[in-house]
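Both complexes shown next keep chain A, but they swap its partner, so chain B is in the first and chain C is in the second.
And now, the complex of A and B:
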């Protein structure tokens, strides 16, 4: 290429650049639009459409019911309730089978094996009572509900119902400055917050996606349902006659879950009025035609893609948690264990907000997995009160009957306020480490990961604090 | 146990205090952080930009623009001189060619980022300038080039200002004039809405004015400017109108100013033809709608309303697409079925 040519080329380029400025800002859009329009005309000429499918009318009928002003919301609530009920009651049997196998069969075998080869007590305790037991616990509590919830959820998605949920709920999310598809990531969060955070990928726009990620923690996840159910049936159910107990405690749990939904809206609205100001930029939601779900494929992919991935992450985080728990209960300085020191240190603050030191320590230890909150609380209560229950220092356990559990909690100084605040705090506290890690991976921002982790804890302290003070105030007046 | 009433009062006091400290933008903490972030470099870059834009920049105008004292301005000027970015001729500040390139780099980063905010995110229009103002100092040249690539090397920011090229060229369209200097009855297209000061910009946005809109000037007096757009007549004070720039267009308009009905006015079961997408739908959203086949000439029918009334799902080319009311209001459809 000669020098002359280069200069002409440069001339042409700079002229072109100057002309781009001259034609104005909307030139690009106009060209794109006309290309699209031409493409559509050509495509329309070249394609023939088959007759309208017979399913079309069926779809329209179904949509008229599922999105009607009268039936839309009740049907949605009913379907979600059925999914939760199937998950919770369906998970009971496999969970206890797994617990039987992992906790009651393999664990004693491992202990026997350790005793036979003369393993020192601390190694045996650290490995089998600490690491193994925590991991086994997480698997047996977490795996069955996830293996039921995720396939059910995916079936609804596959059938085409979930986009209708987003369609119905969008108005509320719009008022909160968020995206209707957040309804889907929130619902997914009821199964697992980590999965819910990943599910926010369906939201294109960064601002709305960030809101969905940060607020997902307020969807009460599977790991927290068991805590809610146990405490509600022990304390709330006990307030009413026996024949109403089941219903009342179930309503208490539903109430907590609905409070979570309410907090999701509230915090979304707060964020979009303050640090993430703005409006939804791109909203278009496709409502696909209904179709029969592909059951086997759905079950296979949802177990491989969702359940096992999340379970694996949870196991990785449960291993160090088990180790820390066992060590903190067994390393003693001057006759008091590390856990004991921490409990004594946190007790005044815990009591102020209507909880206690044991519960706060349990929530710290259970950052890796909310599933172990209750067993940890029971183990630590035994450690502190010296009550006669459990299987040794630093060993998590479960009591067969509610009476025994209740007796243990009462020995720990629990009142109705402790129970109510535990339920509240279980809803409103930091996400588990799996979720925190997922938030970091999805946002790529340390700042927002910190916000998403710390803001809920602070809110939880505030809520339990206010509830405790008002409770005491009312109690002192009565 | 602490007296609950006392505890509540203490907590309320702490909350009130932290609200005062942490209120977004106005809180003490953010103000403190803002001054801390105003490092020497940021001040220098802002000063360069100000001198580049202002017709006759002075120490006082710099102090006002950067909100610092005149003494501090003197330090900044000294710094710029020692870096050979600025020369002083008499009382006039003059950028060296390096200084000019530097300023254009910052302007490029600012305008590209505003474009990104406008096209790809849902951040509030009034906050674009502020966010871009912060980011312009943080983006590295590589980041800026990556952003330009991603946006398809745009030529203008969302307010209609040209974006300088990577090699530091920037031209304002030759035919661009102020709204007030148009002939009566002339047709023109809005090409620029000045985004500073924010209060005036917010009023222009509230009037529903936007880039790309065609207008016809009806009356100019020292007290008011009257013109019409597709949305009807507008009356503006001269101080507002001075922030609008236009390019005259040929007498034959492409379409009539008023076009069709908003899609949001369709009753369930009605069908219409799409006439146009408003220029206010832009970037990612516009591409998405065009991908879905919402183009002039496409038949669109309102089919179902959600349980809460909004959004409404429309049948477009066989697919069912839900749109929110405010979005549907920006799509115009034929008045007749």
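And now, the complex of A and C:
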């Protein structure tokens, strides 16, 4: 570019600068107005509307109910309950069928095969008790609930329900000093926090976007649903008669999800009152028309795009985790395994917050994928207690029935408090490594990535600590 | 088509139905594309559905605004040409106040796509035309996909697409993308604009306020004399008047002027840069 050109450009810029003042401060409004006026003119010429009013506007009627002050929230909870109840009760049968096939049929076959060809014990153990079983467990536990949950959720989304959820919660978010659109990114977080963090791009203001990114962790993600569902059905469902168990477990899971929403508000409010002070920006949320969901297409895409993709991710992380766990449980120094040392080291702190060393180790192992928390816990519990319920030291397994799993947990010194605190900690603790990486990419700031990763862990410790103290206090009085 | 005599096949070749058979959905294979097509539109108008219909990909579609926040890309082959289709975030305007608007705006402006499709909701024409008019300020290589015609009919709204096409000065294709209706016609329109068989005469927004009008004309004139090859001088003038630093910088660096003569390799490098932002 020549110097002459540069001066022309600077001339133009200064002309623009000067003229801008002549137009006045409402420059933006004038421009927008001009565009809008022309748009209306062109649209009017091309459109013919019916003279008479439509007799019955289905969409509007439905919106009046779904977003009403009275019915909006109860209906939202009812829908959530139905989705979870269908997921919990529908996943049991296929889950145990898969477990039968993968764990009780194929696994012994592999072991026999290894014995027949004279495979050394460590290779056999490493491959079939470590790697294979970890994978098989993740598939049998995760595939059925996901294959039910995702299509149901996607049908609601396709129908147009999600923006109504956002509409219902908009006011609460604004009161918390955050952006109403955060309701949408939070809803995405219920599927996957990394996706939720990316979805915050729809929020204009950097301040409010940062709040939405940091607090997205409290939207219970799909990797954590199985943990909640399993623990709720074993410990909470067991408190009531069998007919009610399914319903009560679903209630417990919804309760945890709602606590997550509550924590989202609370932490958003805290951030917007402290480090991220600022004005709340307004926006108009468009309620799109309801559309009849395309059932087959939805089922197809949600199984291919969501279920299998997420399952694949879980398997990828379960394979090395299974291998490492088997090794750390079988490599011993002075009679104690590597895993044993770590567990013993963390145990005092774990017990202080109503958990135990095994659970804390499991959460560390599961940083890449929350899905493998429960398999890890079970394997490590066998290792520590020496319980005979499993297939040997260092094996990730699915026990045949809930009763056996329960017996295993009890052998590990679990109480109802352990179960409740595990559910709480699973909700609150740090995001998975994929989400942390996404947060770093979206914020471009190491500082905020640290905050978003560490603050939840500290909050998780604080909450479980307080719950444990109160619980023990009440228990000692009773 | 083998039975056709020569004369009738001549007529057939200009007909969209005939050529639809020539659509090859290439999915994510985007090697050696001839043309770049941008897909824009308001949120929730069915952009992703159109994207899937053209590329054969199954990008997840959802009935809520703001679903597509990043760009998705796919390819298709139509006639003798390979096209790369870029799905932009849904936005109501291109004034670039939020990240998604900026992504969309920058791509249409700096990516210099050969064709920009604006997907428009036929039931909410007024609001959707806001975006169309803003895109037309930047480029005249635009096709409007007038989607959701079935919903418009259900609400008793009739849209005269020919009138609309004449007023806007660009091709308008009525569609029901969910059912695949209008896809052949859209492909034909894209191909015509990309191959310069159709050249748009875009509608320009009339600025009513006298001070505004005077300012726009003044700055536009200066820009036109300094950068005669710039296709969107009025729009650039508006942005400069609005104090848009990004555009001033683009002029300074020659990003706007250079690209009007840019070749495809140059452009893809440019897009790479935007993609990494």
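Quick note on the criterion: the second predicted complex is superposed on the first by the 298 of 478 C-alpha atoms of A that agree within 3 Å, B and C clash if a C-alpha of one lies under 4 Å from a C-alpha of the other, contacts with A are read in each partner's own complex, and residues count from 1 in each chain.
The rule is simple: a residue touches a chain if its C-beta (ideal position, glycine included) is under 8 Å from a C-beta of that chain, and two chains touch if they have at least 3 such contacts.
Predicted model, so just to flag it, every value in this text is computed and none were measured.
Undergrad: Taking the superposition as given, does A:123 touch the first partner, chain B, the second, chain C, both, or neither?
TA: Touch partners of A:123: none, neither chain B nor chain C.
Undergrad: With the two structures laid over each other on chain A, which partner does A:64 touch: chain B (first), chain C (second), both, or neither?
TA: Only chain B; A:64 stays clear of chain C.
Undergrad: Looking at the overlay, what does A:40 touch: chain B (first), chain C (second), both, or neither?
TA: Both chain B and chain C are touched by A:40.
Undergrad: Looking at the overlay, does A:16 come into contact with chain B only (first), chain C only (second), both, or neither?
TA: second
Undergrad: After the superposition on A, what does A:239 contact: first (chain B), second (chain C), both or neither?
TA: neither
Undergrad: Based on the superposed arrangement, let me know which partner A:208 touches: chain B (first), chain C (second), both, or neither?
TA: first
Undergrad: Considering only the touch criterion stated at the top, classify A:258 as touching first (chain B), second (chain C), both, or neither.
TA: So A:258 meets neither chain B nor chain C here.
Undergrad: With the two complexes superposed on chain A, say which partner A:81 touches: chain B (first), chain C (second), both, or neither.
TA: neither
Undergrad: Looking at A:8, would you say it contacts chain B, chain C, both, or neither? Reply first, second, both or neither.
TA: second
Undergrad: Overlap of the chain B and chain C footprints on chain A, residue-wise?
TA: 17, 20, 22, 24, 28, 32-33, 36-37, 40, 49, 204, 285-286, 288-289
Undergrad: Give the list of chain C residues in touch with chain A in this complex.
TA: 43-44, 58, 60-66, 69-70, 89, 93, 95, 97-100, 123, 125-127, 129-130, 132-134, 151, 155-161, 163-164, 167-168, 178, 203, 205-209, 211-212, 214-215, 218-219, 222-223, 226, 237-238, 240-243, 248, 251-252, 254
Undergrad: In the complex, go through chain A and note every residue touching chain B.
TA: Interface residues on the chain A side: 14, 17-18, 20-22, 24-26, 28-29, 32-33, 36-37, 40-41, 49, 60, 63-64, 67-69, 71-73, 76, 167-172, 174, 180, 204-208, 274-289, 351-352, 462, 465-466, 468-473, 476.
Undergrad: In their complex, what parts of chain B are in touch with chain A?
TA: 1-2, 4-5, 7-8, 11, 15, 24, 120-124, 127, 152, 154-156, 160, 162, 165, 169, 171-175, 189, 191, 211-212, 247, 277, 279, 282-290, 292-293, 295-298, 303-311, 313, 318-324, 327
Undergrad: Would you pull the chain A residues touching chain C in the complex into a rising list?
TA: 1, 5-6, 8-9, 11-13, 15-17, 19-20, 22-24, 27-28, 30-40, 42-50, 54, 154, 157-160, 162-163, 166, 181, 184, 198-199, 201-204, 285-286, 288-291, 294, 300-302, 304-306
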